[in-house]
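Presented below is the structure to which this report refers.
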Amino acid sequence: MIEIRNVKKSYRGSWLSGKAGKEVLRGVSLTIPEGGCTGLVGGSGSGKSTLARLLLGLERPDAGEILIEGVELRKWRKEHPGKMSVVFQDYTASVNPRYTVEQILLEAVTAQTGTGGRGRKDENTDLTEQARSLLRDVNLPEHLLGHYPHELSGGQLQRVCIARAVAANPKILVLDEAISSLDVTVQEQVLELLAGLRKKYSMTYLFIAHDLQAVASICGDIYFLHQGVIEEHCACRDLSRVRSSYARSLLDSVIIF
Amino acid sequence: MKVWKRLRQDRFSFACLIFLGIVVLCGILAPWIAPHAPEALNVKMKLAGPSLTYPLGTDYLGRCILSRLLWGIRTTVFLSIAAMAATILIGTVLGILAGVCRGWIDACIMRVCDVMLSFPGEVLTLAIVGVLGVGIGNVIAASIIAKWAWYTRMVRGIVSQYTDKNYIRFARVCGCSKGYIIQKHLLPGIAGELAVLATLDTGSVILNISALSFLGLGAQPPTPEWGMMLNEAKEVLITHPWQMAAPGIAIMAVVAAFQFLGDGLQAACDPRQTGKRPAMFLRREKAGGKMHGTSES
Amino acid sequence: MELLKVEGLTVRDEEKGETLAENISFSLSNHECLGIIGESGSGKSVTCRALLGLLQGKLAVTGSAAFGGEELIKMAPQRLREIRAQHISLMMQDAMNAFDPLYTIGAQLAETFREARGMKRREAWEAAAAVVRSVGLAAPGEDPARVLKKYPHQLSGGMLQRCMTGLALALKPEILIADEPTTALDSINQRAIVENIRRLRRETGMAVIFISHDLGVVKYLADRLLVMRRGRIVESGEASEVFEHPQEEYTRYLIESRRRMSGQFRRAVSEGGAHD
């Protein structure tokens, strides 16, 4: 269970350079049930990526608190190293171009044990086997292990990113526009894959996207974020009954196929 | 490895690399291949032209110019490389410290850098030599002090570029330690760019050290040093102008070789030449991706 | 009347020996909207760029593309530029990169009008203001200068894309080529752009080539449809016909994928509708 309570974040302006500050999150509260998949919908500049960075501990909120299982975020992360993971939108920038798929997949695992990939020989064969099974999890052929990122297609690379994210067995997975850059056909496959992985590893998802249809197809409940404020929260099946003007206009302008 | 391959294909840069290799080798082997001791005087033969005993002739004290040139590699080139290495080491450590830790550490380091960078480099070097006294060691120290801030700032810039990359964010989310991230992601990333900078800059350090020695602030007689050899040749400029040729050409050739090698290395490191198809294609699309047909006109 | 006739268009990458688009033929009549769908790498964008002479590097283009009796392939760059300014507009996915970050939106819009239409400074500024109004970035009573005086980084991607749409439409081209203009936008901005294109088609009878992998938007706009895969045309025909009765396996697969993904959403919306 993740609780985000009245979180605020603004980027400081500077009086000297005359830059205006910007308030990105203006008191956001939301609850993500354990083992659930919660959607966060908002346009560009709504602050959804900032919220993701706060939850991931990459930045600290100015005010408010983030609790996981009732424990403050930083403390929880110390107690549960590697139990939180993320998939970003921009898959090409998400992997180090110098590393092979195998090294990328195992980074989270080896970094935890501190071996840095220089373990004993039998450990290494274990790790390779683990990398193979991760590739199987995301329906990729095993021979890709030795490939470099630039040799893979966008869909393949994003699947590697997903496999890498679940490698260390996280409890919480943040998907920050994870499927937005993919083709619709691939999106559909990846969504299915994500739904399967969530069951297999019993993870909690925060699914951030701007595409309402994609969010609706995987999430149990949806938060609408608009200009740093949560406009509405509803269960996915009650989508048609949203009241707030932002959620309404978002919903009404979807061009359904 | 790819960088090396591409550098091999660039014949000119590779020739520069080989030339510099030979120069370094000559410097190492100087005691064995130099025909005379660099300080051995032969007053009877002073200012002699090239001959079998003195292939490049002798200077105003009758010392073998070739021998002094070969021994001079040790002072001029080796010390320059050492100075560069030290500068880069300091720059990298402080730059990474500033870029990774941020906060007040970053602020302190960068403000000191700002102060250092606000002095003109040459004036700073002269001032330091003036305070510490003349001598080649002090010149080296001065050149490090004058340059480290610039490198620190460069490294910090590159590091902060890299820390915004998603793969480093991912590593942080996973709970990887800072040391791990620096070792596995940051250092390999900045190594290429630093190598290029360092190669380009070594040339200017050589010029710097030679110039100070030429002015009599660096190496002291009778140490063989190229800049000082120029200085000594200057005395007999009117009567024996060719005396300047040997050290002058040596400095020019080595500095130019470092510059060309740096350029070649830069081209070899450039991702646009890696032949990575997706990246190239994207770039091409972007280049064609003007706002509108019309805005191209 | 036939506006554009493309026959046997082939784009080859000589360096790598790959064929990016092979034997593409289609025609576009006045007032028509042609939708092109397919996955990334299917050659949709390459085809359209080849038409406008915007391909760079060592790409060899062969075949023919006739626009009003003139051959676009192998046309002199100068004339091609005129065509792009006067007759065929291109709209791209990446609005962020299409604007120069150093100039205000207004300056860039006005510059385009001055270049393409030979307008005077004041006139061009008025035209730019009209663009901003036409895409709904400034309400009728509002001062459009508020938006015009902003720099690209101060606007969101969706707003920039709307400016691009407005600009492309304000030039009143005979053909608008829209290359994934709505991808990566939230539904409100997406809708605004699509409605703008529709409105202008109604008003000026402009023909549109609409490239997208979002079948919903294509279905909403297109009269005829081209399905592409790996550089070839897989299927083509009347849009409604292709969407209702796809003949090819691949087309069915594309449609099925999209149906499955939007299924939950459709159910949620329609069930809700029953409750109301």
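Read from first to last, the chains carry the letters A, B and C; within each, the first residue is number 1.
Throughout what follows, a residue touches a chain if its C-beta (ideal position, glycine included) is under 8 Å from a C-beta of that chain, and two chains touch if they have at least 3 such contacts.
Model, not experiment: these values are computed from the prediction.
J.: Most remote chain relative to subunit C, going by C-alpha centroids?
T.: Following the centroid criterion, the farthest chain would be B.
J.: Could you name the chain whose Cα mean is nearest to the mean of all protein Cα atoms here?
T.: A
J.: On a C-alpha centroid basis, what's the spacing between subunit B and subunit C, in Å?
T.: About 51 Å separates the centre of subunit B from that of subunit C.
J.: Counting only Cα atoms for the centres, state how far subunit A is from subunit C in Å.
T.: A distance of 31 Å separates the two centres.
J.: Can you work out the whole-Å distance between the CA centroids of subunit A and subunit B?
T.: So the centre of subunit A lies 45 Å away from the centre of subunit B.
J.: Among the residues of subunit B, which ones contact at least 2 other chains?
T.: Residues 277 of subunit B each touch two or more of the other chains.
J.: Applying the document's contact rule, which stretches of subunit C touch subunit A when the two form their complex?
T.: Residues in contact with subunit A: 39-41, 156-158, 184-192, 194, 213-217, 219-220, 253-254, 257-266, 268-273, 275-276.
J.: Please give the residue numbers of subunit B that touch subunit A in the complex, ascending.
T.: So the residues of subunit B touching subunit A come out as 165-167, 169-177, 180, 183-185, 188-189, 274, 276-279.
J.: Contact residues on subunit A for subunit C in the complex?
T.: Per the touch definition, subunit A meets subunit C at residues 41-45, 153-154, 180-181, 183-189, 191, 210-214, 216-217, 236-241, 249-251, 253-257.
J.: Which bits of subunit A are touching subunit B when the two form their complex?
T.: For this pair, the touching residues of subunit A are 56-58, 77, 81-82, 84-86, 88, 90, 92-98, 107-108, 111-112, 116, 150, 164-165, 168.
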